[in-house]
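Pasting the structures here.
Two complexes, one shared chain (subunit A), two partners (subunit B, subunit C).
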Partner chain A sequence: MNLAHTGRLADPPGGSERPGLLPGGQAPPMERPPRGETGAYAWLRHNLFSSSFNAGLTLVLVVLFGWVAAVVLRWAVLEANWGVILKNWRVILWGLYPRQEIWRPTASLLLVLLLSVLTWFVWRRPEMRRWRTPILVAWVVSPLVIGLLLRGFELPTLRTISNNIGYYLFRPDLLPAVNAMWRGPTALFLIAAVASTTWVLDSRRSVRALAVAPVVLIGLLNLPSALRATGGVPPALAVLLAAVTGWLVGRSIGRLLSWTEHGRRLVKWLWLASLIACLLVLTHFPVGRPEFDPAQILTSVQPSLWSGILLTLILATVTAVLSFPLGVLLALGRTSRLPVIRASCVAVIEVVRGVPLITILFMAQVMLPMFLPLDLSIDRVLRAIAGMTIFTAAYLAEVIRGGLQAVPREQVEAARALGLSELLVTSLVVLPQALRLVIPAIMGQLVSMFKDTTLVAIIGLLELLGILSSITKQREFLGTVREVYLLAAAFYFVVCYAMSVASRRAEVRLGVGTR
Partner chain B sequence: MSLIERIDTGDDIIVCENVKKWFDEFQALRGISLRVRRGEVLVIIGPSGSGKSTFIRTINRLEEHQEGRIVVDGIELSHDVRNIAAVRSEIGMVFQQFNLFPHLTVMQNLTLAPIWVRRWPQAKAEAKAMELLERVGIPEQASKYPGQLSGGQQQRVAIARALAMEPRIMLFDEPTSALDPEMIKEVLDVMQELAHTGITMVVVTHEMGFAREVADRICFFDFGLLVEVGPPEQFFRNPKHERTKLFLSQILSQ
Partner chain C sequence: MARSPSRSFEPFWRDVRVLRVAGQIAFTLAALAVAAWLVSNLNQALEARGLDLSFSFLRRTAGFAITQGPGMVRTDPYWKAFLVGLANSLSVILAGLVLTTLIGLLAGIALLSPNWLLRNAARTYVEVIRNTPLLVQLFFIYFGVVLTMPSLQDRLELGPVILSQRGVWLPRPVPQDGYPIWLASVAVGLALGVWAYTRRERRRRLTGEETRPFLSALALIVGLPLLGWIVLPEPPLSFETAVLDGLRMVGGLRMTPEFFALLLGLVLYTGAFIADIVRAGILAVAHGQREAARSLGLSEGNVLRLVVLPQSMRVVIPPLTNQYLNLAKNSSLAFGIGYLDLYAVSQIIFNQSGQAVQVIALLMATYLALSLLISVVMNWFNRRMAIPGR
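Moving on, here comes the complex of A and B:
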């Protein structure tokens, strides 16, 4: 912009051209903006060749890029042995998963794709709003379905159930042999929780009696094993603890549910779910005679065989799906007014964030079993997922807490004044606004979590990187390290870039800027 | 709601007895006793920091009073969350800063509480919301977001949102203080029209014209005390207290 030009702006030519209202008091039509220098030529001159130094720099860089591209291209076309990937693509995709069962991971993948497409489709259309909740539910349930599909499962038959309950009742001395001591207290805990929920929600005496009866029954069932003397923790203590904590937990659930009007209707579903859970807990263990085998639905494929891209995707999606709600809960807990909840959430978040992921993965391998009953062996893949989930959740919690604090207090007051309960205030007013504010940061955490899945190679799991480095050791493909790692880099880049594009689009769609 | 114990307060819908409230060491309310009749329009005036906002915020428990009693429509405000919920669903509140939910459309702002608290079906809630938007004069803005509306329109949406719960009492906390001058009238018009419908209104405001014209009684607050109450005629023409006279002379000379 030259001086002569600016000089004319300050001094408009002639009073007759001074802008003013049109006769009749209407606003005059707007003038066009001054025509700038546009077009490709102008862009080049402005950005690349604005001075002789910049022009020289541009030329040097062009030559440098050209040389790098030529070298890579020559290698890729003439020297590289892409056979290592073409021949091994099955292994890279599905790893060591049994050949004849490949339809199961394929089906899981298709399920996820289907859900993604549906989500995309429904979220684009405001008129399909009512489908959003079912899809969210489907997303939440999908890890369980996929887990069962990939791992295979068996259900106890009626004969197994009766057989095992028989053992549970009359031969409690057999229980320690299968390390089943935790099952009784667990069942007691579940039943006590649902019973006390019912107690809180329903003041009718008959209903309350009906609710307490199963607690007494399960308590009596626990009596034989509780009274048995052992060296370690007395089992009676575990039984008592289960009953009391179950009752307390159920009471707070009941108080929470009393806020909603259909809390009472929910109770019978709670009973159904807990009865099924108790049946599974009590009966699904291998005592009794071998002919009472549980029914095999899908042959079991141990997670130690899960590997390749399959494992990478499982680790990433399951961790993402689990760590997000956990992160939200931790963030809400950290901003809670209740001191015990706040302190424990702060402790979890700070401890986890203060430890490297590798350490957490190792700890998950060696320390998780310490907290679990002996006969409940958790697979290495699940342990890795547990470690990654808590790690990611702690970081997500801090990000989400930032969002929660950015929502003005007045929003909470307005929602309370409308009569919304604290639960609804948080879930309908505060969280949606908070999460919208931190979409980019959440996505950043998930991208970095996805790349961190490569760390599980260190604890001996064959995810993509693990399986690729084992491929380079095949005799016919010795020395194909470049091809293989280039593939890994491309894979991770494509997925991560897609994630960040998705996050940017979500940000625009949810209208972060329009406050 | 049968669990809630109701107290018979006769014709008075809000009963406050000796309400006291502290913020740490600072005493914001020093024993307010006030009864509001059904259908009455009560205007509260007073200098800033006099406790008038704090007082109306104790009526729907946005602030907790530490001493005294508050009974709203026969329900005593206690620590019982059921009582608080019941009271809040009978009271609508309009704030100085509108406090609309920016992530929801105008329609969703209006239907949120009826759907989730009153458990109305969506169609019923939307019909009611549309009716209210027409009453406050902006039915065409239903699908917009609050950020796309002017201040006056936002405040009218906020009034409609409070009315959507069909409250018996409306609280207004300086509803026109954050508005540009040319938008104050449209909001006051809506409030005036509302006053004629027989709903109980408690209004904190600096709009003396509104107070004179619409109020049944005017309260003057200062230093956390209820200094004077009276019908507008008497209140403006011959106030009893020196403090009231001083305040009125300051505010009316402007």
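Moving on, here comes the complex of A and C:
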């Protein structure tokens, strides 16, 4: 096949004659094409005035378009009040997101842009193939990061963590007697254990001395409290017990480790861990009732404040990321040989495809809270995302099913003959081919989904269209409807057109239909 | 289960057949468990809100009036409001289906025109409309165009069509004395036309004689009513245009601004998609087919009717069905511009009664039935168009 790609093979050996040349290597005499077959005149004649009907049509259209253009230009230049966009661009972009926190959506946007550029850069270069997995992982993780960034989050302080661990580990309220005394012996136990492990694994004298030194040190630290004879259990006994059990435990660990080759290397890490643990135990281990005292890293911004283009982008990306795997699962379920699973997938897909998106969004807004426990409330934005996800997934499932059915049966049979399990046949052989076949259709579906994000304006969320229509209702901007909705149309047009162009390119590059 | 010797020592948990059944049972149980959990939550929520699941609330008085379409008054029950919404939806869907097919056909042919200007104008229309959301278009048309049209006093009169921000008036046909007779001539013409078509078509098939069945049928179907119109002493139908009477328009066929905007938006939007389908359908017929038909001596019209159209129809109808379904579903965006269609009325009923579950069930069932109806009709059409034996 395709000898054209390896053109050198097709040439007669030793011959350098190119086709189209006369024998003897002379070029045929060149003549200019007749006048009137090239240039602007010919173009006009061929494309606009090829027949009398066409000529008449052209004249009518020129007059019509000229009139329309004049009207539109007059409006755009003289009458339109573009100030409404200049005055509101912040609101249009970020909606009601708090002013001083706007760096967070900006950073998220930059993150996505960076990832996109990286993806583009890496995927164009076959030699950078090993970077593909990290980038895919980054894409998968990015929604989480962006979500945290936008939503704001708090982290428990080190103090809170240690507080909790200490409480549940030692339950000081249950063992008050031990509680008073537990720190020193615990540290001694830990250090003694590691020291004896080292002792077993390493016979060098210097190392052994170095290992024992901390034990002695901690033991000395324990001395003052050990000498005080208070409480039911003599503290000295506890200290001694901790040291001895630590040493014995460490010795058996050491023997276990001596069977492997990594034992000595592990010891270093054991020392590090136990020293840190000791430090915590001795200094910073307040034990009391566990209380959550988080440190606010980023102030919380409720999703109800997410709006404007920001919300449009969030809705679109989250829906795309969530609906794709769901769509694949539904498609696989629909082509499955198990009747129960197939029937339920068919039911979900057909019902969702049979009703308008707006009814699904309505259902998600109204019924989702009713189907969940009373004390669990989901934000309106998340409900909208849930509705859009199931809707898009059903359509994607149909598209992907088309791809699954287009994969030749021999591929499946060959994969089975190689001994692959059903799971591997699907994930390594069938799905990759099926998905490649339907990339244009998937992109078409995503474009359609992006346009459909406007529907959440109907259920009262302030995405781009929602915020724009609320701007037109302000007294100051009354009568700016056309300007504002033209802006919306331009935004969606640019994004959707870019997506479809990208899809056409991907189609060509992946060779859909040619391989 | 037949036990072959090689299977006898294979444990049952590795037997694919057992696993399949077990997997499905597990799936069913899990699904049932989730469903039970959801239903119990629903019951709690309903109890907390003092609601039930019966449909008897539909008989209660609605308390709101609808002036669009067939209309209803405040004292009518909910079910009537629902039906009025359904009627409004159906009217916009039916009108939309017819008009969008026309627009799509014209734009699709324009996409293949040899005239550069027309071709690119059509391409621009298709790309711009397809790449912007329908809701934005509807908002633009309704708030930006229809509502900013001149008031009734300065109404725009394009011949018999009257445009204003209060609505669009078309001339209304009013039957006159001779109307029944004329209607009869239409019916007779139609019947004779069908009869002539089948007869002549059969003769053409049997003898190969060129009988022009289509043309003769067309002549009968158009000719007889035309004859009736001319022969009758006065025209059987007169067209009544609306006139301003004080502050309101009298007569004519009124389209509310909402209906007009929704219809225009739906038709333009779906038409752009249909245009591309038509274009693809025409291009899908192999060039050789056309050439072969011509070399058989078929006339241009017959080439189109007998060779090109039947084949492109097969390509066109399935995606066309999808677009028809989309138009029907997209008509629910009416709510955004205040047209009281099925969805908008359901939303109002829900707001008033709070009966979420029943309203949504009714709404979804109605839309599903509507979608099913369109698919059934189009599938029937598709089967008729399919070339037998392939």
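In this section, the second predicted complex is superposed on the first by the 330 of 515 C-alpha atoms of A that agree within 3 Å, B and C clash if a C-alpha of one lies under 4 Å from a C-alpha of the other, contacts with A are read in each partner's own complex, and residues count from 1 in each chain.
Throughout what follows, a contact is a pair of C-beta atoms (placed from the backbone, for glycine too) under 8 Å apart; a residue touches a chain by one contact, two chains touch by 3 or more.
Predicted, not measured: the structure shown is a model, and the values here were computed from it.
With the two structures aligned on subunit A, subunit B fits next to subunit C without clashing.
When the shared chain is aligned, subunit C comes close enough to touch A:T454, but subunit B does not. In the superposition on chain A, contact is made by A:N47 with subunit C only, not with subunit B. Legend: residue contacts after superposition of the two complexes on their common chain; A:Y485 is shown touching subunit C, with no touch to subunit B.
For subunit A, the partner touching the most residues, choosing from subunit B and subunit C, is C. In the superposition on chain A, A:T119 makes contact with neither subunit B nor subunit C.
Shared-chain residue A:T245: touches no atom of subunit B or subunit C. In the superposition on chain A, A:C496 contacts subunit C only, with no contact to subunit B. Applying the stated contact rule after C-alpha superposition, one finds that A:A414 touches subunit B and leaves subunit C untouched. Note on the superposed arrangement: subunit B and subunit C approach each other to a least C-alpha distance of 5 Å. Looking at the complex, you find that subunit B touches subunit A at residues 60, 62, 81-82, 85, 88-89, 91-93, 95, 97, 99-103, 112-113, 116-117, 119, 145, 147-148, 161-162, 165. Listed in rising order, the residues of subunit C touching subunit A in the complex are 20, 23-24, 27-28, 31, 38, 41-42, 44-46, 48, 114-118, 121, 127-128, 130-137, 139-140, 143-145, 147-148, 329-333, 335-336, 343, 347, 350, 356-357, 360, 363-364, 367-368, 371-372. Contact residues of subunit A toward subunit B in the complex are 258-259, 261, 410-411, 413-421, 424, 428-429, 432-433, 436, 510-511, 514-515. On the side of subunit A, the complex with subunit C involves touching residues 47-48, 50, 54, 57-58, 61-62, 65, 337-341, 344, 351, 353-359, 362-363, 366-367, 369-374, 447, 451-455, 457-458, 465, 469, 472, 481-482, 485-486, 488-489, 492-493, 496-497, 500.
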